[in-house]
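Naming follows writing order (A, B, C, D, E and F), and every chain is counted from residue 1.
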Amino acid sequence: MKLVIAIIKPFKLDDVREALGEVGVQGITVTEVKGYGRQKGHTELYRGAEYVIEFIPKVKLEIATNADQVDKVIETICHSAGTGQIGDGKIFVVDLEQATRIRTGETGSDAL
Amino acid sequence: MKLVIAIIKPFKLDDVREALGEVGVQGITVTEVKGYGRQKGHTELYRGAEYVIEFIPKVKLEIATNADQVDKVIETICHSAGTGQIGDGKIFVVDLEQATRIRTGETGSDAL
Amino acid sequence: MKLVIAIIKPFKLDDVREALGEVGVQGITVTEVKGYGRQKGHTELYRGAEYVIEFIPKVKLEIATNADQVDKVIETICHSAGTGQIGDGKIFVVDLEQATRIRTGETGSDAL
Amino acid sequence: MKKPITKKFIIAISLALLLLPLVSFSAEPKVYLSAGDTAWMLTCTALVLFMTIPGLALFYAGLVRSKNVLSVLMQCFAITCLVSLVWFALGFSIALGNGGAMNSVWGGLANAFGNGIDFDSLYTVDKSTGASIPKILVLMFQMTFAIITPALIIGGFAERMKFSSMLWFSAAWVLLVYAPVCHWVWGGGFLKDTWDLAGGTVVHINAGVAALVAAIMLGRRKGFPNTPMPPHNLALTVAGASMLWVGWFGFNAGSGLMAGNAAAMTMLVTHLGASTGALAWMFMEWKKFGKPSVLGIVTGMVAGLGTITPASGHVGPIGAIIIGLSAGIVCFYATQYLKRVLKIDDSLDVMPVHGVGGILGVMLVAVFGLTLDGLQKGVADAPSISTQLGHQALAVVVTITWCALMTFIILKVIDKFNGLRVNSDDENEGLDITQHDEKGYNF
Amino acid sequence: MKKPITKKFIIAISLALLLLPLVSFSAEPKVYLSAGDTAWMLTCTALVLFMTIPGLALFYAGLVRSKNVLSVLMQCFAITCLVSLVWFALGFSIALGNGGAMNSVWGGLANAFGNGIDFDSLYTVDKSTGASIPKILVLMFQMTFAIITPALIIGGFAERMKFSSMLWFSAAWVLLVYAPVCHWVWGGGFLKDTWDLAGGTVVHINAGVAALVAAIMLGRRKGFPNTPMPPHNLALTVAGASMLWVGWFGFNAGSGLMAGNAAAMTMLVTHLGASTGALAWMFMEWKKFGKPSVLGIVTGMVAGLGTITPASGHVGPIGAIIIGLSAGIVCFYATQYLKRVLKIDDSLDVMPVHGVGGILGVMLVAVFGLTLDGLQKGVADAPSISTQLGHQALAVVVTITWCALMTFIILKVIDKFNGLRVNSDDENEGLDITQHDEKGYNF
Amino acid sequence: MKKPITKKFIIAISLALLLLPLVSFSAEPKVYLSAGDTAWMLTCTALVLFMTIPGLALFYAGLVRSKNVLSVLMQCFAITCLVSLVWFALGFSIALGNGGAMNSVWGGLANAFGNGIDFDSLYTVDKSTGASIPKILVLMFQMTFAIITPALIIGGFAERMKFSSMLWFSAAWVLLVYAPVCHWVWGGGFLKDTWDLAGGTVVHINAGVAALVAAIMLGRRKGFPNTPMPPHNLALTVAGASMLWVGWFGFNAGSGLMAGNAAAMTMLVTHLGASTGALAWMFMEWKKFGKPSVLGIVTGMVAGLGTITPASGHVGPIGAIIIGLSAGIVCFYATQYLKRVLKIDDSLDVMPVHGVGGILGVMLVAVFGLTLDGLQKGVADAPSISTQLGHQALAVVVTITWCALMTFIILKVIDKFNGLRVNSDDENEGLDITQHDEKGYNF
């Protein structure tokens, strides 16, 4: 199993969730994060005090999935989250050694 | 070392923290997340506009622990976080290659 | 590639970001988290009801980086986030199998 | 020989003198500044300003998404400032000046920039006693009405209009729509037979229709109606709604310009209308959707208030309760209809709540103002219900027509030279950052 | 032969006439509508409504957990609407009507639905001058008192009561507890010798006792007292507390129904009581717990206001300061005791703050109202302290007993047919979602 | 022999009597309590309290970081309580008592603790008619001014001052700075020729200078000016700003102590000053930085209000618009200058907004109060502009000097025995937790 971690633009969340659902992903965990990267943050101005906001609101998805699904998941995210503009985000994959469903105690793929 | 990632129901947080403390876990990092899964979200109604909220508030725990403690940690979480109802959450385990305590520079198990 | 996960004190965020930038880190994802550990939380008092707040506000950084950069990154974080006081936080490293840039589809180091 | 004056004669004169201060002459009574009435009207002016800022500003701000919270607050605030100047400069004169030969159409420009209103000018509020208030105060009090009306409209185009266009629109609309309608109904114009104490036509129908036209012309927000756009902070909304209720006492009970029995009765019927409207909407939701909501109850309250507003000078308490009840039910259905059937994105429901409520109230006052212990002052020459219904219907039709037409024209013109809507990326990002370089919250 | 009238005689009569407008007859003076007093009472009505919404609503809303913020706002709002109708329909008549033979017990139903109150009816507030205000305004002003009292009670059962049961309870309680006690103390009933200007018994003891009974009957919130349940938004609480303070000027200084010296003195002593109560609580915390808290200072303020309320028509400034001081200290200890020793979950501390404060104030007014420059109007036939203490104690005992008993009965009955408490899962999830299908915040 | 009285004589007398109630004697008119004026002043007292809590408290609270939100609310609240007692005890007497031989310097202690003010004491507000209000009410109304002034100052040292030192400072400052300056300008002291209706010197210059001195003495916040310290909740700030605006009607239009033409004109010019100041600042930002901000518009509003405050008793509407315009522009530049050039951390910009605005207004009133339809009451013996400018400049210089000097001394003394600033770790952690053991938000 793999854990796919995707960082995307917040307003793309609904599209991505829907697209993933269509390729069979049944569970996602979502976190609001702030991203620092190539995309420049906006400027905020308060009574003439000028702040460059370096962190941009992003949304992080974590998806535990079977190894053979990873490519499809990545592709789906790329499609549904992309705008072609800087700051669209990243997808990271790490190896997932174990998974357990708390309610039933099931483990492995059954737990996803 | 392993990194145990658990997604649980928010109101179970205190119970889980306490139970983990009893089995010797000394550190936890907690994140508020939103989960999408089998558990159906509630409906919100605003002036007749009906929204099915697909994301449910959850809490994510990250616990770095020695490999030999992992099973006990998983079991403890299952016990203390379970209500037997859908949406109780998941436990994921990934391999942890290194750990460092910032204050002292200690590494490995000593850093946990 | 590695995924470096650092948990630090919130008011150190700007220093760490700047220091990491100086050693060539170009992307960071930041999450607000609550930490439970050796550092004791403060007490809150509301009309005589006394609550010990066990969770302390922390900030979690996730940095995807090439394997050969990991040590420098860890060292930089240790330096810039350290106050020498309890609660300075931890740095965890997990193996990163894949990385993809959503915008371009680039993978591996190119995606970082 | 002079006849000695008898004691009887003296006593008669004395008695007459004794009674003098107590009776009123058939001649005009002496005009005097009534400190009591002035005190109440100063208070009412503060109350009605309080309705827009912070009342309406918070009410609306809570309803939008957090990325647009400041844009709504900013719009309410900027309108307050801009319309104050516009009203002082021209609006008041057009609306409430004496237009001479043209008075049935507009008030002219004789009172522009406060011209002709001296420090000492009085406005007599009670002809029978001569009780008066400063004329400047009438200008100020009415200014707060001119402020809240365009502020209500922003609910129609929330979360997508360019700030600069919103400013142009508000200024032009106050002069070309608000002021004329105000003159026709309240300034002695051709709709002066309308019963409309505090602005069913002038304020609520006007705002509702303008919001509807603007919502259609600007188009729906991106994602409407599929993407959920829940209110981001209902605590603000309830706070704002509560302030609207309190301020509305000044709005309605101040519209008689006196602190007397009429003000008290107006306050009572206003309050009963609000309460009943709120409960009616709440129970409708409970029955139709299974649960009563806080947004529902406050919306019903606004509907109740908007509906009782034109009627609050004529109906009695039982009439007010019936009006409140019908407001809660009718505006509830109107909101469903606009959103679910017509799928028009009048984002904060200005038309179904204020517009429909205003129409309802303007019509019902003719019925309940003449029955059920209405006609509060026991007017001797009361019109028949059907005559009055005719006056009312005319005012409704004229207001809707003029407002729709002029709003359309004003928006078309602004669209030509400035554009109405922010671009799609800015709408995604939110107006706070893109229009104002600020963020609402940094917790 | 008729005696010619002398110049002297004429001058005498003339002088008499001259003085006429200035002196008052021993006979009843002519009753007239005082615009000044009316202006103030219209304002006070707005101020007291402002106390409940948004004042109390925000004050309470900030104190609960964020999953219940809307439930509290909703309860305050729905009570406002519902009680307004209940009061107009029956409450006013029971409380302030003339019950004829039964007047020592209740006011009867003669004034139900505003019956017998005409548009022109006046209520004379100053017998010596005839100054009067509209009778409708008395009904309206008193309505705002009937609204805030059940709204205070919700603090006792916050975060766990079913919304529908809360509605039943509030309506029944206003009719069966509030209205009768109001009649006994203010309506000429058998407690009419009580000194209680603005509601130590009628409002504060009543609310405190009812909240305590409800808290015990519903049981503690899940997790109390082990799980921390910190206020979720103290900014709202401070905003609400501030509005309560401002609105309280209307509550107390309006209770004399006139804009005169008494109103000014009442405002001053009210303000001093609030200030001293707040500081007293703050310094108690500072001494006992090491730090002064914002929740502490605002709670002390409410305690000070609740305590000065019954006394604010009789005491002078120094008495007010002592009362405020004792309020801060006594209510502070009462809160600790209820929470830490008795472990009763009167969730927002209604009994220790309002109930205990009310009792304290009702007793202390007898002392300081007759000493330390109290007895503001220099009443000639002042009672002895002990006599007055007797009247006051009687009112306290009667109010506590009646309120506790009837609250118990009402809740028992509602429990039978509707249940009082939401189920355990719903309590976990929060009342906002489970009772109202809404969420407070979507940042 | 007595001459019989003729009918003519009788009629003459009768006519004289008839006219009596209508003409005023050349002798002093009878003093009477004016319910209307009293009603307005009771309302204004509530309005000005409303300015500080919740108005200013929310305005400031929104501007700081969320870890300090409660500290700001707490400071405003505690100042309200503490200064109320200090004012009642000593401040009022020093400021507005009759200091006899020393009256040009201070008011003495004869009225300390309300001494010499009876329940029935009246203060005549209109010499020509004898209209009066309760003297207690003057004390209460002025108390609210004494409260808001030190509350304004906390903006200078926000996010870093020790709470205990803040309390000491506020109490001492009210007695040693506020009360004397108040006496000099309003209490018949040596600056009594100053035109300053509602406190350009007494309130705004005083607060601005004290904040500046405190900001310099305490030093900058950690990280200033490099670390961004954006406002944490601008919705609170806009809500507070709006309440300030509404409350300011009581502040300015109450300062004439009457509900008459002057109050109405003052309200109008106040409102126009606010509107113009807000728009001016907004357009400055738009031009200089590319976008208009909500914080900008509300800051301009406060600048406009602070600037029109001293002038609002003398200027006409056109003067008010010019004053508002200059306020928006001058205070905008002053803020930039202090922050960007001098890099002084007057954290919430008290000096550039209130201080500079106050100076501007105090000077400009001499110009526009005597031109452009100023001199509202058409005073016959109007001074020349240059004479009046002299009076005004003197008042400005004296206020700045005295305030700077005394603020410095008070802070030095407190620093010696208690320290002024929290330690660095506490500043990092935030004042809410470290000073008050509380957290603002638990969403």
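Keep in mind that, in the parts below, a contact is a pair of C-beta atoms (placed from the backbone, for glycine too) under 8 Å apart; a residue touches a chain by one contact, two chains touch by 3 or more.
Here the structure is a predicted model, which is why all the values come from computation and not from measurement.
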item: Each chain counted as touching chain B and chain F at once; value: A, C, D, E
item: Averaged-CA centre spacing for the pair chain F and chain E, given as whole angstrom; value: 32
item: Cα-centroid distance, chain A relative to chain F, in whole angstrom; value: 53
item: Chain A residues counted as touching two or more neighbouring chains; value: 31, 44-46, 53, 94-95
item: In chain D, residues with contacts to at least two other chains; value: 4-5, 10, 17, 21, 34-37, 39-40, 43, 230-231, 233, 239, 289, 291, 293, 295, 437-439, 441, 443
item: Contact pairs between chains, per stated definition; value: A-B, A-C, A-D, A-F, B-C, B-D, B-E, C-E, C-F, D-E, D-F, E-F
item: Parts of chain C lying in touch with chain B, wherever the complex brings them together; value: 2, 5-8, 31-38, 54-55, 58, 60, 70, 74, 77-78, 81-95
item: Complex contacts: residues of chain D adjacent to chain A; value: 227, 428, 433, 437-439
item: Footprint of chain E on chain D - complex, ascending; value: 4-7, 10, 14, 17-18, 21-22, 34-37, 39-40, 43, 47, 65-66, 131, 230-235, 238-239, 241-243, 245-246, 249-250, 253, 258-265, 267-268, 271-272, 274-276, 278-279, 282, 289-295, 297-298, 301, 316-318, 321, 376-378, 441, 443
item: Touch list for chain F against partner chain A, complex; value: 225, 228-231, 285, 289, 291, 293, 295-296, 299, 332, 335-336, 339-340, 349
item: Chain C residues touching chain E - in the complex, by the definition given at the top; value: 44-53
